[in-house]
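Please find one structure pasted underneath; my questions will follow.
Chains here go by letter, A, B, C and D, matching the order in which they are written, and residues are numbered from 1 within each.
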Amino acid sequence: VRAACLAEYEALATGVLSGAVSDFISGGSGAELTLRANRSALDRVRITPRVMAGAERADPASRLVGTAAAMPVAVAPMAYQRLVHPEGELELARAAAAAGVPYVVSTLSSYPLEKIPGECWFQLYWLRDRRQVEALVDRAAGCSALVVTVDVPVMGRRLRDVRNGFALPDDVVAANLETTREAHAAVPGLSAVAAHTASAFSPTVSWEDLEWLKNRTEFPLVVKGILDPRDAKRAVDVGASAVVVSNHGGRQLDGAIASIDALPGVVDAVGNEIDVLMDSGIRSGTDVLKALAVGASGVLVGRPLLWALAVDACDEALGLLRTELTDAMLLAGCADLAAVKELSWRNDG
Amino acid sequence: VRAACLAEYEALATGVLSGAVSDFISGGSGAELTLRANRSALDRVRITPRVMAGAERADPASRLVGTAAAMPVAVAPMAYQRLVHPEGELELARAAAAAGVPYVVSTLSSYPLEKIPGECWFQLYWLRDRRQVEALVDRAAGCSALVVTVDVPVMGRRLRDVRNGFALPDDVVAANLETTREAHAAVPGLSAVAAHTASAFSPTVSWEDLEWLKNRTEFPLVVKGILDPRDAKRAVDVGASAVVVSNHGGRQLDGAIASIDALPGVVDAVGNEIDVLMDSGIRSGTDVLKALAVGASGVLVGRPLLWALAVDACDEALGLLRTELTDAMLLAGCADLAAVKELSWRNDG
Amino acid sequence: VRAACLAEYEALATGVLSGAVSDFISGGSGAELTLRANRSALDRVRITPRVMAGAERADPASRLVGTAAAMPVAVAPMAYQRLVHPEGELELARAAAAAGVPYVVSTLSSYPLEKIPGECWFQLYWLRDRRQVEALVDRAAGCSALVVTVDVPVMGRRLRDVRNGFALPDDVVAANLETTREAHAAVPGLSAVAAHTASAFSPTVSWEDLEWLKNRTEFPLVVKGILDPRDAKRAVDVGASAVVVSNHGGRQLDGAIASIDALPGVVDAVGNEIDVLMDSGIRSGTDVLKALAVGASGVLVGRPLLWALAVDACDEALGLLRTELTDAMLLAGCADLAAVKELSWRNDG
Amino acid sequence: VRAACLAEYEALATGVLSGAVSDFISGGSGAELTLRANRSALDRVRITPRVMAGAERADPASRLVGTAAAMPVAVAPMAYQRLVHPEGELELARAAAAAGVPYVVSTLSSYPLEKIPGECWFQLYWLRDRRQVEALVDRAAGCSALVVTVDVPVMGRRLRDVRNGFALPDDVVAANLETTREAHAAVPGLSAVAAHTASAFSPTVSWEDLEWLKNRTEFPLVVKGILDPRDAKRAVDVGASAVVVSNHGGRQLDGAIASIDALPGVVDAVGNEIDVLMDSGIRSGTDVLKALAVGASGVLVGRPLLWALAVDACDEALGLLRTELTDAMLLAGCADLAAVKELSWRNDG
């Protein structure tokens, strides 16, 4: 045991990573207003616990987009995990499988998606070349859901990366793509990773494209990066099984609403029809409890697990998160997730 | 006289206690959001004072759960008081009796409950072994109320104790229980006290158990650790004489609503039927005034009195609290507690 | 010219006064929550200025409780002004007269009230000995209003004074009273000034006493220290000409509402019938503008003028305040005070 | 490239300018409450982005008061630009023209208005001598709009300038006026620039004067410095084509409402009839997006461009602002400004 709580992995990881890689992971876009808002908004949610769940322990078992999960948590898609650990995606996915939670493979994974073990969902960035999109989706046949990320027409201006002139080291590549040449070309005052995505991703992807994709596959479709209820309704219209209410961890539009603040509106609009997942800022089991009380079916956890990976503590971190969540459930008088949904909460703004 | 105000005992006690004991007392669970929220929420309550009470002095005399009290204050149940003073419970209870306020004996008191002087209430943690519960309740026959604490199915994750590997010293035991062996076993990265309660307390206690208990005794029953009005109503249903609106001083569910913010909802729900006491964060006579203006019949005060005990200043502390309260009443134009209830207040959030 | 703005006198005075006297002036009661709230509440008031007053300069001429005033400001009653300047009340009153604003003489003035020059109002603390009350009121015949302060049944617990064991130096006395012996007796851990007022002032003063007083004199009666609209209505009932919405500069009930936040309620209740003055926290001409926009007829200014007196800058300070106010009026598009009343404002909480 | 974002020019400029000039530019009036409120209010606006604009890039093309503009931005009128760069207005106006945005020439420009290149609007301060007003307006015939600033009856008390005894250096003059002698006379404890405007500007300008001016010229009339909807309606009545919701960057009435907070009220009142521009506190492309989402047709940017001018980076700064804005639009799912107007936003106060 090395950490007393999930949030501690940030400091542990910062101790072992280079400044530029630390910044790439921790940073947000612009003045990082949304990065901070994600945390302050979660901190402001106050739960009114119930008492006497009447159970020996709380059971966080859940179904997420049709996948059975040991807790209502999935590992968020995160690019280039070899940046922090030689085994990268292999190691974090293995730990996720051991913990019984879905692992979302990024389009930009640094190991080929076919090599990644366990129950996986595949995250798709819409590439300029539609044949590459088709090829990726075909290769993802072993996955149990398809997550299309819609909040990255271009990469947000992450000033830490710009200032660091951040580029990928030679041994870290986008293993699912044909080339990441641009992502390796260090240029002062420029994020090479942003330059690469600008040339590879298509900003013109549309709801029609999603509908086309949906009709082409059997996968449950998850639309990641929704904040406006009007867009959530569009996702229902194109046949999505779930949306992820997300501002990409404060990495895209700086000034965007905190995910937890956007959640009630989306739940009201589509919560009866599809699953509403949420991410951005989750740092503890009580944060998971809050997201569920506010109306999410489950959450994605990003950076904390990458920080844990950096110090080779994925199993520990997922175990800690589960402990924190079951503790929080029991302390909130909830034997199961159905009881969590009935909790009262308020925004202590 | 050593302190100018009740709040000062924290600094005085920190000066004489070991870091681990200080942390055990001062700390809250998780990121200590609720610990801090208790204070900031009380600080945000603003009273609109009246003028010209027309009395030479204010009279804080009160009845708490049928017990006459010199002021609307009881000493909160707190475990293991020998941690801070060789006479522990004996000394603090003596001072409470001298000040004319009820003393609540913890299940985890470090002197046997029968030895504790003065007007006592007995606080019950539901033990796994029902015969032990019955035995304790029988032993408490000399007490004038029974306080069942319902917010500790397990102990909250108090990270200070986890980091300190906190365990009880050999000479401090749970004198009412058969054994506290586990609470003494220091293990790095673990709170021994939490481990002990996990094995001793029953998380499956239910409203039916409380009803059974109520029917078995003559005591007025107080349910401590209520925040949701729905639970307050359940307490009325099982025959309770009072509830304590409490988040256990921020030591249980981190992220829980501040007690003072939960108070109006509970008062609305059951204030006409039973007494509504409140604790968590009370640090001064003006805090007591605020709690009463918001709707409480009285408050429990925890840590400040333990800090005072640590510097052998229990009489002084209780005297100071009374002075602060009567001063506040007079300055708010209230000759008695009935007038306090009529004060306007607002949450200056 | 020594100060760029009225608020600067605090730092200038702190540089020349002893710590204990500085603390006596600057301090508030308890944790000084209300002291700070007075400022933060004023800072949160946001004015929506108008444009094009169409006047060469703004005219702040005003009537306060029947007295013509060059601006809607009076000097607040403040005890013992010789603490900061050998000429004390004489000097500040002289400057007030020169600036054309009323000076309020405290019951606890350190020069006899008859000696104080200019247009004065007399502030009365209700003494235990009614004959002394009558004698004081008779001596105040030369004053143009009688201000009865009703928020000091006892002095608030000002912890700075308690910690400093504050007592009056020998040469500063309550020149209007028979004795201030107690106020000079330094006792560690006690405010001698508070002890003196406790023995001299009557906490039992009532609305009936005020009515008796009103019927006994010709003076316009001002009731100082009102925050609750119900008390404002009582003031109207006993024949008062004005109330001062005040929390005594945060020196009485700590936790009381900020004066500016209490103002709208009182204005709504009695603003059509009598003058509503306000004090506590006014530090600039824009603060005066805010108070008037929120509904006051005028303000009392306390500490800033005492700080200015300490550095012998009363004329300058009153001139600066006038400049700040006329500037603010012109910048808010207001040629006169009637226009100020029509300004929109909001609480940017 | 020297700056990663527009906001960085402040630090860069502070490094090269004298303290007094830095203060003159950065400072606000009084306690600078409104200066800070402009920023904090913008930071609190949270946008709910849409997804999938379906466009390769966002197009910020706009019309501002009838002028085609490459983005909904104009350079705010700012006096004495030679203070920070030898070419002053010439250089910043050249860059504005190159970037395709209008440049607003100040009455107090340090180069004669006829010399200033590109698409210019002329900003008029109402001078005491009406013939000078007429002469200036005639000289401005080459401009495409006339901006009358109505929030400077006198200059706000900018304490930094007062403390610095700020005066213009000999080589910086108000090139459009007959004399600026007073503005050069350094007097300790006085702002010479404020003294100059006090003698030159007319505080008595009225809506009738504006009507007279409107009837005398063909220019579209813009009224700058409006915060109250009642004044916005007056502007419509006198035939204005636009108002600028502005508190002059926090330099006039300290305590005034933040411009972004005043914007919705003005848009509601007159947004259907005339253009509503906004300035004060805009520091990034996301701030422009916010102002437009809240209801502005466009913004004026002040200090950031002066700071950029100080380090000879006007082209870069305007390019960066455009990049930030188009990025923000794309990340908010908006292909054009019409889409921006449909964004949801909330004030996260």
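Throughout what follows, a residue touches a chain if its C-beta (ideal position, glycine included) is under 8 Å from a C-beta of that chain, and two chains touch if they have at least 3 such contacts.
Keep in mind the model is a prediction, meaning the values are calculated, not measured.
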Contacts common to chain C and chain D (chain labels): none
Reference chain D; chain at largest CA-centroid distance: B
For chain A placed onto chain B, the superposition rotation in degrees, Cα atoms, nearest 5: 90
Classification of the chain B:chain C interface as same or different, half of numbers criterion: different
Interchain centroid distance [CA atoms averaged], chain B/chain C, Å: 41
Gap in Å, rounded to a whole number, between the CA centres of chain D and chain B: 58
Chain A: positions in contact with at least two other chains: 349
Inter-chain touch pairs (all): A-B, A-D, B-C, C-D
Residues of chain A touching chain B in the complex: 1, 4-5, 7, 43, 45-57, 284, 286-287, 289-290, 323-324, 327-328, 330-333, 344, 346, 348-349
Contacting residues of chain B [partner chain A, same complex]: 30-31, 33, 37, 41, 150-151, 153-154, 156-157, 159, 162-163, 189, 203-207, 225-228, 230-231, 247, 252-258, 261-262, 265, 349
